[in-house]
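In the two assemblies presented below, chain A is common to both, partnered first by chain B and then by chain C.
Moving on to the complex of A and B:
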């Protein structure tokens, strides 16, 4: 995963460095149960994500709620430790290639020796002293909830000027003047210096948050759904402000959102996440013109269209995001995919998910004996229930792809044995220059929509 | 964004700017004070407290202090069991010739010292332990909170009584017993608040800026978690005196000192014989003291309610 092909177009400035580089980032949260808080499982919120953010560019990170995009944002900003992989700050291309070689096991001994050095100098959870300070100043964040992210007891001058105090850049009148400058940059002014956050509208509060982020003169700002809580008209103003500031300061943005129409205009490149993994990445306009992953396509079709024309044959997304503690095998999207093929990773859990939807049948299930993720014996309370499951699995009640993936389906009295063809997990692959997607189908098949 | 026109003219703002932060904070404080004082019961509480404070501070001018120890009751063996209104003894005297007015006045001074020392120590100890538990979490939190649970499982009065009884009758021991009993509440309150605030986004925002942990604690966590502690402290100013008087009354105090509980105890024998004053006046003081701090504490709680605060 870490060695995933790099989908970057050539950036305009400082092409040799990434402001932030994610290499196989994983964040798993423990599920604890019982009196002794034993760890019984892991929620794989982020499960191996790699991409770079280059100076001055906007990377849009999109996905449904619960796909791990906000967790990823917190990992990138250093608020949360990663479980595996690493986030690197200001990483030269040469060092980046080296790290990829290590991950893919093709590194030479000399290269391995260099890695410790690179990690100490660039990996954000290994940085110390001045190096950490430099990262902290250069990587700022704007949160979704502008009310919660501003201390209700602090005046605007204290909020925006706080980092100037922390880094001992200014104090007294000089600090006030610097804060006024920052406020003016975000379209506010001197008259707002001595007010409390609750005295502002949501849009103004978000401007204050942006001014606070600008105060350290950062290279990159992580924007975690910065406009999702705002009115549509205010959204546009904030987005325009962000674009203007980006040009003025050559800022890089990681724009996290569930709103495709927002990133369409903001992002240079798009990273689409589903259940903790990247399902597709590429230049925004290319992705919008021709999605290479059925999930991206479904997301775009789910977007309500004002003209209403496109949405008529839209299929959108149905069903819910599966439990990230037991993510589907193969392609994680196969459970909801309209284009799923027999080789997308159908497994025992898909049978169980179907069972849960059928009243009475799930309650009749008395035991599951798994041989693997792909084969198991399901025992029911009575033979009739078992027969009912067989008849459902043998009918149009399940996707045709799932039926063809089923290598075995037998009932012996109260026990049903199922076995699916074992398939490897679907990894990201280059679909065309500068594009990656994790789909077994070719881009043209996704475009035409097989099985539809 | 609808931005209302600024009420202040450009140009004039510069002149007031250096003062503004202070002014805004002062205005906020005034608004809060007005809110607290809008409740008549709270005002009554404040009036009683100020009267008590006056009495405590100016005790030496109200009644000449006993030498050498002003906290010992003066004994006038020539004037025992005198009723109120006797010249020189406006509130009468006790069986042992102690001046009830002296006990009331110097008892106020004593109660103020007692409650200030106990409440200050318990707030400090409780806040530190509660903050540590919240900050470190995990095993440290688990251990500290189990200790707190043990303390909380014994009724306040009985616990204080047991400690004071073991240490022997003295005013200092009562104070110590009260500190041991009362700190746990603050640990509980502080821990809950710190955990809640630690998880809020403005703490994340401060970390993103790169501010130090100690600064975040002092500038963000502490000021935002102190409100419930302050309310509890006000209520405890009354509770402490109530329990101290109870312990003194049942004989765990220091006999002969100018303390309300001791005086009530000293006067109780005379009540059956019609000498009501020796117990009634100190008893009334205990009642007023506890009432006043409860009224103010409740008023503060209503006014500082986190649901309405800061909006």
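Moving on to the complex of A and C:
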């Protein structure tokens, strides 16, 4: 593994490598306030995501809006810098293991020295010169809104041929012929060369975007909701096209979408994200057959089906996605989970999340003294308000799991002290070979739906 | 004699067809530079009392235009109402049972309003049904204003755009009551029904110069506050119906402070505030996440059941329509090509376009890359020729399809389709599902 790669090596021809490898990727956006734009907090859009994309495979990335899936797509393609962690391009398995060892703190000094070398050669924000160009050529992106992502002042021939010109691969007639070739690959033709994007339908514009991505003969394409703006019959055309191209060019896809039926159709492996973290990952068919995380299960149950029994049993989820600037402790999903247990990380903020909508409950709140995320004292203006909070916390107004996680609940005059059992944050763990999920429950329990 | 007349009227209304609205040969065209676009070109269907009718189709097939024509929300010009009618039969609480459900109203608790010109005997204005029939395309704007939001309401696709960003939620929902429920409001405020002048104008959102000063003077100030309090109570009740937490605090917030799902709940509260007979839902969940979508659908369904409203549910999502609609009408290029009970249409689609749409949805068993896409694109609707609109994309077309225009004909008692596969073509080869022409 040398730092200077040969001119056109293709990771696709070497299956022991990951085309793209994400290691603990974090992307935090600053929240600025006041006249001096002081940073007052961080929105944790992506908060520690790791997975690999291997040559020729499709990895599906699903989640609700605001879960960080598009931000992750932009980090992976190098459009946004990461806050922590790294995205590695064309990473050999051996180097990948080494990086994992470093992360877990079990590496030797010699190995640490090797890491600097690996990072310079593979980490996309450390790549320079030829290495960086190679990454750019081999990692392309297709965006959701084809109208916004194609320059309205440019002709199709310029849009698709741009990268060929930039990389000095072709010019003049040859360039035009290459563009025609690319257009034909996506089911369009010579007659479309000298038109502007607005002259095409949504499906055709998306084809142009795909042709543009194919121009540099990439190894991996990041598809950010490529069919969300399209009708179902056009969507079918585009999905078929993407599958055909994948077979022809041995492309790897990162397929970002919120549409579960599309991802089930397209993806080999599935990564489910919730609030900036991976809640579950595994082979697509396995995940659909038996979700190992209650969130995945809720997503799948909410999805309307075109086949099978027409049921109205869709459950959906209560509440809203919590603020990503202050994500819940423990399992991030516990605030909306139907199967939450006492050990899911209940904390003081959950008292507010649960009860803030009760009229007048917190009107008399005069002070909060936080000892930790799990313990705090709330001081009210009068004892009656404090007593009201205690009685609600001690009733069916809050989930049973939350009540049993409450180690201490006492009122001294106008002050209510609450303390929850401290639990560590729930990390991804291997539930089955090739499957990971971040849930305290076992797959069987998730399947049976305890506490429901 | 009087009694005899009354029985007659009851009979007439009872036998009236249970349709809440009928669209007949509706044509809506748009004047464009390249010619006249036939966006909706001869659409006919009925919405039955208490049912959910799904209107599905792809972008540009005219489904939203059809929905908007119920409330005449189309820009005219460039829009041209080129013909047809949209008739609507308002319903009222059954006076025999006061909503409890009796024989006279078929246990629904609601009854069609008796036609004012023939008193239920059946005349030309009401198609001989004896029920009041209003042509929504012909009535004057004043009458339409009274119906909009009261008897016919609409939920729009994007609640971020449909809500006014400069008004609080409370102010926006209150508008419905101020426009349509002035009397009820005055009664709830404990004022005499004869209250007039500035106070009534206040309760009707009809401000005149000087009213502001007048209502801030002592005798009126208190009464105005009582009306305001009554209004807040009605708004809170309407919001509470949509299961929003803490409606009172929600009323003081602005749309941008709410999540998409919450905004859509506010829209639903607004639309259902006056118990409309007909609700037009134009893709109400398209902008929402799947988990939130499930909740919103459940909510619409639940509220509709309780009020026995009819719903025209416009959507491009077949799986969703399948889940919530009783009947479904499939639109293509400005026409209804197939209509029937949801289960039947999905089990045995008779139009090649419906079949194509269903096959294009990825399922668990479709091999990758093997989706059955419909070839080609939707035709331009500028001066369409007399031919099947789907000809050119259809796998089964023959010469007859390119020369004649099939009309919507029944294939069974409940199921109708516009295709020569099930109906004899005027001349030439008969298309069939067995024969595939490429």
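By our rule, the second predicted complex is superposed on the first by the 428 of 452 C-alpha atoms of A that agree within 3 Å, B and C clash if a C-alpha of one lies under 4 Å from a C-alpha of the other, contacts with A are read in each partner's own complex, and residues count from 1 in each chain.
Everything below uses one rule, namely that a contact is a pair of C-beta atoms (placed from the backbone, for glycine too) under 8 Å apart; a residue touches a chain by one contact, two chains touch by 3 or more.
These numbers were taken from a predicted model, which means no experiment stands behind them.
*Asks:* Answer with first, second, both or neither: which of chain B and chain C does A:237 touch in the superposed model?
*Replies:* In the superposition, A:237 contacts both chain B and chain C.
*Asks:* Go through the superposed model and pick first if A:203 touches only chain B, second if only chain C, both, or neither.
*Replies:* Both chain B and chain C are touched by A:203.
*Asks:* Name the contact category of A:94: first (chain B only), second (chain C only), both, or neither.
*Replies:* Neither chain B nor chain C is touched by A:94.
*Asks:* Look at A:136 in the shared chain and tell me whether it touches chain B only, chain C only, both, or neither; answer first, second, both or neither.
*Replies:* In the superposition, A:136 touches chain B alone.
*Asks:* Considering only touches as defined above, state whether A:302 meets chain B (first), chain C (second), both or neither.
*Replies:* In the superposed model, A:302 contacts chain C only, not chain B.
*Asks:* For A:320, decide between first (touching chain B), second (touching chain C), both and neither.
*Replies:* Touch partner of A:320: chain C, not chain B.
*Asks:* Can you list the residues of chain A that meet both chain B and chain C?
*Replies:* Correct list for chain A: 201, 203-204, 234, 237.
*Asks:* Considering only the defined contacts, which chain A positions touch chain C in the complex?
*Replies:* On the chain A side, the touching residues are 64-65, 201-204, 231-237, 239-240, 243-244, 247, 258, 260-262, 264-266, 288, 298-299, 301-307, 310-312, 314-318, 320, 357-359.
*Asks:* Can you list the residues on chain B that touch chain A in the complex?
*Replies:* 1-3, 6, 8, 10, 13-14, 17-18, 20-21, 23-25, 28, 200-202, 204-212, 215, 219-220, 223-224, 309-311
*Asks:* Within the complex, which stretch of chain C touches chain A?
*Replies:* Contacts found on chain C: 58-59, 245-246, 248-249, 259-262, 289-295, 297-298, 301, 316-320, 322-324, 342-343, 346, 356-364, 366, 368-374, 377.
*Asks:* Which stretch or stretches of chain A touch chain B in the complex?
*Replies:* 74, 77-79, 133, 136-137, 139-141, 143, 145, 148-155, 157-158, 162-163, 166-167, 173, 176, 187-191, 193-196, 198, 201, 203-204, 207, 209, 212-213, 215-216, 234, 237
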